[in-house]
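If you scroll down you'll find the structure; I have some questions about it.
Order as written gives the chain letters A, B, C and D; numbering starts at 1 within each chain.
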Amino acid sequence: MPKITPQEFDAIARNEVPLVGYLDISIDEIGEGTASGRALYREEFLRPGGTVSGPLLMALADFVMYAAILGKIGRVELAVTTNLNINFLRRPAPKDVLAHAKLIKIGKRLAVGEVDMYSDGEEDMIAHVTSTYSIPPLTPVL
Amino acid sequence: MPKITPQEFDAIARNEVPLVGYLDISIDEIGEGTASGRALYREEFLRPGGTVSGPLLMALADFVMYAAILGKIGRVELAVTTNLNINFLRRPAPKDVLAHAKLIKIGKRLAVGEVDMYSDGEEDMIAHVTSTYSIPPLTPVL
Amino acid sequence: MPKITPQEFDAIARNEVPLVGYLDISIDEIGEGTASGRALYREEFLRPGGTVSGPLLMALADFVMYAAILGKIGRVELAVTTNLNINFLRRPAPKDVLAHAKLIKIGKRLAVGEVDMYSDGEEDMIAHVTSTYSIPPLTPVL
Amino acid sequence: MPKITPQEFDAIARNEVPLVGYLDISIDEIGEGTASGRALYREEFLRPGGTVSGPLLMALADFVMYAAILGKIGRVELAVTTNLNINFLRRPAPKDVLAHAKLIKIGKRLAVGEVDMYSDGEEDMIAHVTSTYSIPPLTPVL
């Protein structure tokens, strides 16, 4: 069973990562080494060409990975991203962006996962991310 | 000589990439295939551990690369990121973040560059980015 | 239906990419935007720690992506890798290495895919790759 | 002063990473957090288009990073690559390939560096690599 619920995670995030609140990013679901999230569409996220800007996608991807990891190992808020690689595949429509993270490795020191991203209601993947988090040696008791 | 000044670039950005305005990201300098930018520190950019959050760094890196490319090839706003890879090297202090982009290839279809990132006033690099932009086949006349 | 069979592909490869022959890399299967391949174990591929060396995995990953792309678009041998990102997840046992590529985008200019890699007979992924190929504007008629 | 000479490093490599011997890869220079290496040109390293194949470049890049790290921290042969990201920038001419690695972070657990690659005697970079090594917690006494 996941060690944290989407509600608990969003509460942490809203308190401790205010940027996420501004960007209207939230987590819908946390499973066994997985998490899904959403960035609500806002016109101010557009870039030339009328598509959703890349930094919003990167923020969302980083955030759902964080949710997947905390779902797996509990409230280790000090886990930090060490590497993120994103391929932008298709122009993201002016819609909500959905992201699905899946861990492919949880070690003692490093966790690695991938994130598939979609425009809401569309079939083709718009971006694909792989990302590594470093897990601190002493995990806080919370 | 660069084909665009930091002032012209910031004007485009504020109009066409509103997210950048919210994040207080601006461009200080555009050279021959180079650009430098800054994200002004705000407490709401912090994450657990009291460091500046990764998505802010990724947004800044993407933006200075965009400035370096437009400085080289002119107002091709429809150039889009196809790949971005970031290594987070050290915890970014609660300070302004500085980013220096340098193009290492400008082809007809792809431009590639790297971005070195620092906390203002500190010596050690906090993050390193390589990134690829796709340049549209027909560049708009502007 | 794939535009090339594993046999045709291996014939091309043995002729035109001799390194692949030396490394005992071959393609087992080519599907719709997918390909699977194998690197036969040899003691000389080991590195300190008794695990299969990273460069062998990278060679195999690059090669199965090439097979997946030629399976999709036909004999466009001049397609070239522009980016490859690999995460090494677990120490590869002294065994054959298997790789499964899946394209996640085939555009006119760029193809992107991911590759999952395993030690033969084992369950956990040992490495994960994402990679981009550039497709030449004029594809030869063959 | 570097903790290992190119001669010592090449001796280790020839013994413990036989693939490197086959590929005619060697280290020319090890400095303070830097290393330079070379892959001797052989016709069998070519790929369609008459250029040096990508896997050779990846092998060389991985190897010079390893040399740079051992030069910095001594004979920690069990350091292993966790991530490698390569951008292929220009078609590598049928010539020796040169690679220059520079560490941008040496932590207790992770080392990160970048590698610039050139065709011998040519000016333009042909490939750029960033790579992360994991350093084992207990380093062997040698």
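Heads up, the rule we're going with is that contacts are C-beta pairs under 8 Å (C-beta built on N, C-alpha and C of every residue); 3 or more make two chains touch, one makes a residue touch a chain.
Nothing here was measured: the structure is a model prediction, and the numbers come from that model.
Colleague: Would you say B-C or A-C is joined by more C-beta pairs in contact?
Modeller: Looking at A-C and B-C side by side, A-C shows more C-beta contacts.
Colleague: Going by the average position of its CA atoms, which chain sits the greatest distance from chain D?
Modeller: When every chain centre is compared against chain D, the largest gap points to A.
Colleague: So how far apart, in whole Å, are chain C and chain D when each is placed at the average of its C-alpha atoms?
Modeller: 21
Colleague: On a C-alpha centroid basis, what's the spacing between chain A and chain C, in Å?
Modeller: Whole-Å distance between the two chain centres: 29.
Colleague: Using the average of all C-alpha atoms in each chain as its centre, how far is it in Å between chain B and chain C?
Modeller: Once rounded, the distance between the two centres reads 33 Å.
Colleague: If a residue has to touch 2 or more other chains to count, which residues of chain D qualify?
Modeller: Residues 82-83, 85, 87, 132 of chain D touch two or more partner chains.
Colleague: Touching residues of chain D toward chain B in the complex: what are they?
Modeller: Listed in rising order, the residues of chain D that touch chain B are 83, 85, 87, 89-90, 104-105, 112, 114, 125, 128, 130, 132.
Colleague: Which positions of chain A touch chain B when the two form their complex?
Modeller: Per the stated touch rule, the residues are 16-19, 22, 43-49, 51, 53-56, 58-59, 62-63, 77-78, 80-88, 91.
Colleague: In their complex, what parts of chain B are in touch with chain C?
Modeller: The touching residues are 82-83, 85, 109-110, 132, 134.
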